[in-house]
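The first chain written gets the first letter, and so on, giving A, B, C and D; residue counts start at 1 in each chain.
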Amino acid sequence: MAHELQTAVLGATGYSGFELARILTRHPRLKAPLLLRREGSEGGAASLDELYPHLMGQGAFALEPFSWERMSAAGVELLFLATPHELSRELVPEALRRGLRVVDLSGAWRLKQAANRAIYTFKDADATVAAELDAEAVFGAPELHRDEIAKARLVANPGCYATSVILALAPLGRAGLIDQDHGVICDAKSGVSGAGKTPTAKVHFCEVADNLSAYSLLHHRHLGEILEQVGLKESQVQFTPHLLPIPRGILSTIYVRLARKMTADEVTGVYRDFYCAAPWVRVYANGVPQIQYSVNTNYCDLGVALAADGRRLIVISCLDNLVKGAAGQAVQNMNVMYGYGEREGLE
Amino acid sequence: MAHELQTAVLGATGYSGFELARILTRHPRLKAPLLLRREGSEGGAASLDELYPHLMGQGAFALEPFSWERMSAAGVELLFLATPHELSRELVPEALRRGLRVVDLSGAWRLKQAANRAIYTFKDADATVAAELDAEAVFGAPELHRDEIAKARLVANPGCYATSVILALAPLGRAGLIDQDHGVICDAKSGVSGAGKTPTAKVHFCEVADNLSAYSLLHHRHLGEILEQVGLKESQVQFTPHLLPIPRGILSTIYVRLARKMTADEVTGVYRDFYCAAPWVRVYANGVPQIQYSVNTNYCDLGVALAADGRRLIVISCLDNLVKGAAGQAVQNMNVMYGYGEREGLE
Amino acid sequence: MAHELQTAVLGATGYSGFELARILTRHPRLKAPLLLRREGSEGGAASLDELYPHLMGQGAFALEPFSWERMSAAGVELLFLATPHELSRELVPEALRRGLRVVDLSGAWRLKQAANRAIYTFKDADATVAAELDAEAVFGAPELHRDEIAKARLVANPGCYATSVILALAPLGRAGLIDQDHGVICDAKSGVSGAGKTPTAKVHFCEVADNLSAYSLLHHRHLGEILEQVGLKESQVQFTPHLLPIPRGILSTIYVRLARKMTADEVTGVYRDFYCAAPWVRVYANGVPQIQYSVNTNYCDLGVALAADGRRLIVISCLDNLVKGAAGQAVQNMNVMYGYGEREGLE
Amino acid sequence: MAHELQTAVLGATGYSGFELARILTRHPRLKAPLLLRREGSEGGAASLDELYPHLMGQGAFALEPFSWERMSAAGVELLFLATPHELSRELVPEALRRGLRVVDLSGAWRLKQAANRAIYTFKDADATVAAELDAEAVFGAPELHRDEIAKARLVANPGCYATSVILALAPLGRAGLIDQDHGVICDAKSGVSGAGKTPTAKVHFCEVADNLSAYSLLHHRHLGEILEQVGLKESQVQFTPHLLPIPRGILSTIYVRLARKMTADEVTGVYRDFYCAAPWVRVYANGVPQIQYSVNTNYCDLGVALAADGRRLIVISCLDNLVKGAAGQAVQNMNVMYGYGEREGLE
């Protein structure tokens, strides 16, 4: 283990960033990551364990102000951005110019089609550069883009909901098994950490507990990622997120009409083949996954149920929105980028 | 208010029965209900407030052993059955023979078609009588069958999930607005009290909390009620229940392809017209309901979202599974049966 | 029922205010209450059911800007203040000057001793008037001050924690049964609604769920009320609040050394005698109350356990912080002030 | 790392046993543990991941019927018992006779004084042997008995509540800083997994959610462990457990009168000195711990608050009842018994 990689995290104080810092700190291939703070954020805490006493006694978690020079002096090679979309959009061109590789956890670079990107209303300083990077960025689903990720300068880590749905649909989509005329329904349910750490009325305990609510009906930001990765059109997918009274975890119930009659075993076989080399996807032989099975792990769990007609299929997809849906997948991407084992640091 | 009705409840110790006893005790038109206990149940508690200290100081809640004679002596006219399906199946013929009217909260008498009823595997003592009563029983959705309920001897109170879905689909179904070729998806989520009071592994706190699970995929008991009431075939409806980590409340997310292009206002108008005389259905003009809005009330809340194509419709339906989904609806049925105001005793 | 009282509520948009508006609207002795909004609050919602869709279809809940003239024109006799302490401190002198009676739900007027009041750092416009009103205000625990409340112009509705502890200790304290040399421990646990509706980091779902935390150790605001009402000194009482992962409800576990050896039945007898005319306190003959028994009611539930030595006593006290701990008790105070039945409007 | 230890777990299907199997499977010093099932338990599942799909893809978790011969053939040196008290009482003599070392997670061997043991009503086959083992067994709190544990044949892993309270009181007790005349109050709150996996009415989701309840007032089984380990008499300690609506975690709020006036820093210093060599106890310099900080870790977190009088002390103690309160501590004991690093396998 000659070389140890120096990484940096900007935005370690949010839920995903904290999870990321925790994973990186224990990763056997890495030096202690540099934890960087945006100016003015989190009241200027001097270390992450001031904000998360969970970390006490588990190492040094000093938070430093963001600075290109500091990163350069420390020999940072890989920068993780757990920042707002707009800030990622602003920082990535400079980071690449300085020779850093980047895994961006925001939605800034995930979308290839301008129509899908419109929902974000980015204001790019240099539209030409931005367009080049939109084209260059690799969508960071290792199960779909492993080879490109290995060589990528810029990896756009997928959205949490999007990961859950894309991994459930990709095997069918790529095999031409989705009846596209009929359309796909994605009824997704997520824990509250997916909404971020900022205290808003929506995440007040009394608004979430003992409750369930649907939101962003027909226009959630993650829809574009799903369309592009599965190869469907907006008119063919309905995606409905719901807010669950739990801290973390996503379960997506996905309804597909198969393009041809199949048996349940055939369908399971399609998934098993597709993910035979994917260490972080588990395909259930019997029954369907529940949220609790994958929480606090990097797994995406998939299970299916097929109606007697052999056409109406239900796919259940579960994952932890902060791990496989964010920080864990970011580390998995790093593992692929640097030729480490895909499970390293994530057990 | 010359006459006060004498009612009895068999099975008051379960969650629905307790809710029912609580509502009936406060109902302005009623004498104190007779609370009856099945032999051997609940360790022979002498009164309901031994089991539910919530009731202390709010009246007499004596529990007596079930007996036809006791009911007769007390002048019972209406019997509520909050009993297992099999027991309702057994008791109802005798109850009607004795001149009682019955509101049955179980699934025993809800289904008209033998194929749908097959899921219950009833063993009827007298198949002819049972068949007659299957035909005679009125499905107790007052919004759909008010006139028949008013005259009914036997009202089959709908299932909680079924109520949620049927009230969401009936206005469209009766107006021929559902594209039946395309099919309907009902993705439903329920609190734990819907699973009953018996302690099982499934309802252990640690199995439910921080979790979400789908169950009974493609074959839940309530599907038959939905099909019969909305007028759809099994191949046209997918119903997927999920267990939420909350004590009570149901939210159903229902996906329909409209038979013709409409505007959202038109759709809302269809619902408003259909429920203009229904005091316990609320149609949202803007936005969609959440579970917490209807918990502890007898309301079923409905709201819609329509895609830009004017065809892909999402209906959100919320209610409290123990009130509108069980005890409250049973009392609403009683109100209709006896000509009381439909809101009486339920505010 | 010749006369119907006109009330007004300022601050109906918070959790306590909403609960209050809901109770008052259904109260049989009242006209529809005037719901008043502080300038700039809640984005200028025109009615309470915009903020709480729960209320849809249950009456008119128009919100109007606060105005003395509007209240005068409407014939308001009684003003409920569900406002920040400082605002109550400012408005009450003027309200009384204008002939209104006031039930104040804030902490502004609860404390008689300047030392206890110091924690609030009020800035009174007229210190003399404020001092007079401090003396005149009646602590609104009807179980302790029924006669004074009946005649009061200004009733200071107790704090939620304080109600829970005071009702548990008063019977012992007034009978001289507390060993004052030994001191009293009050270990209290509250649901999140007690922290108010403002979204803060502390009430973010992810900070509360799956968690328990102690806070304000040794210096919570409600300690002063406890000391004054029970007749103890600061050195004799320890009060430790904890934040529970539930929306509502308080359970206080209170440890007392009795001044003399007693039996459990004797102790229960002391409570039963003390509360024999109190319709909203329930004393448990066997066992101890749980939070769920009193949630959504105006009851304070009390139960005791006594060690074999006949001296070490544990009192468990439960109530709903938004009802008996706030809005319900405010209505109970109104009932006493106007000679209504103490249970009216609160069943 | 020449030698790899062969362990076995009897009772791996319960919550503690599952946690234990999971930790042991990843422990760097161990061979895969033998997972043994009591006859008739858990429907004869063939492997642990049938019961806990969480484990899928993480190794082999075959469950085998309990057999001394099987253990012998496999070369088991250390047996973990996650069994009912009575069964541990029965099996341990034979296990020791066969040369195994044992870490017992039940309450069978924790108590030295017959009076404290009386609560368990054990029926020993050979009272003499049992008495010898009662004397020989080492109470498995490594922070208190590290040297004896290192040499022990039989380690009695402490109760979850007991661990929480003992670690909070031992530093004061051993330094003579507890005012014993005054007595100690331990107000403890635990998540539901502490009650075990058996579905009972008490752990039904609807009985626990939105609730808090006190239980076993004045006579909980863990009191004896606390008395013996801290060196106090029954008349000097009150221990009150409460059931929290969370899956896991304990917070104990402990009230002590110090034997002499101290400063908060002095008290913190006493704890820091006492635990200077204890890698799994964290003493907070400022503020107090919350449950979420230690959940899913093997830490016991301690923090204090001291009244202005320098005598009235509150200690807050938090831990995860399944880790530091059960399986994690059992592994920590193993680490001490075999000379491994005390943190190994527990990070």
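Following the convention adopted for this analysis, a residue touches a chain if its C-beta (ideal position, glycine included) is under 8 Å from a C-beta of that chain, and two chains touch if they have at least 3 such contacts.
Computed from a predicted structure; not experimentally measured.
When the C-beta contacts at A-B and at A-C are tallied, the pair with the greater total is A-B. A separation of 37 Å divides the Cα centre of chain B from that of chain C. Between chain A and chain B, the centres computed from C-alpha atoms are 41 Å apart.
Look at where the CA atoms of chain A average out and do the same for chain C: the two points lie 46 Å apart.
For chain A, the set of residues that touch two or more other chains comprises 209-210, 245-248, 290, 292. Taken together, the touching pairs cover every possible pairing of the chains.
Chain C contributes residues 15, 192-193, 197, 199-201, 203-206, 208-210, 245-248 to its touches with chain A in the complex. Touching chain B in their complex are the following residues of chain A: 182-183, 185, 187, 189, 207, 209-214, 217-218, 235, 238, 240, 242, 244-249, 251, 253, 255, 288, 290-292, 295, 305, 307-309, 312, 314, 316. Of all the residues in chain D, the ones that touch chain A in their complex are 26, 53-54, 56-57, 209-210, 279, 282, 284, 287, 289-290, 292-294, 296-297, 299, 301, 347.
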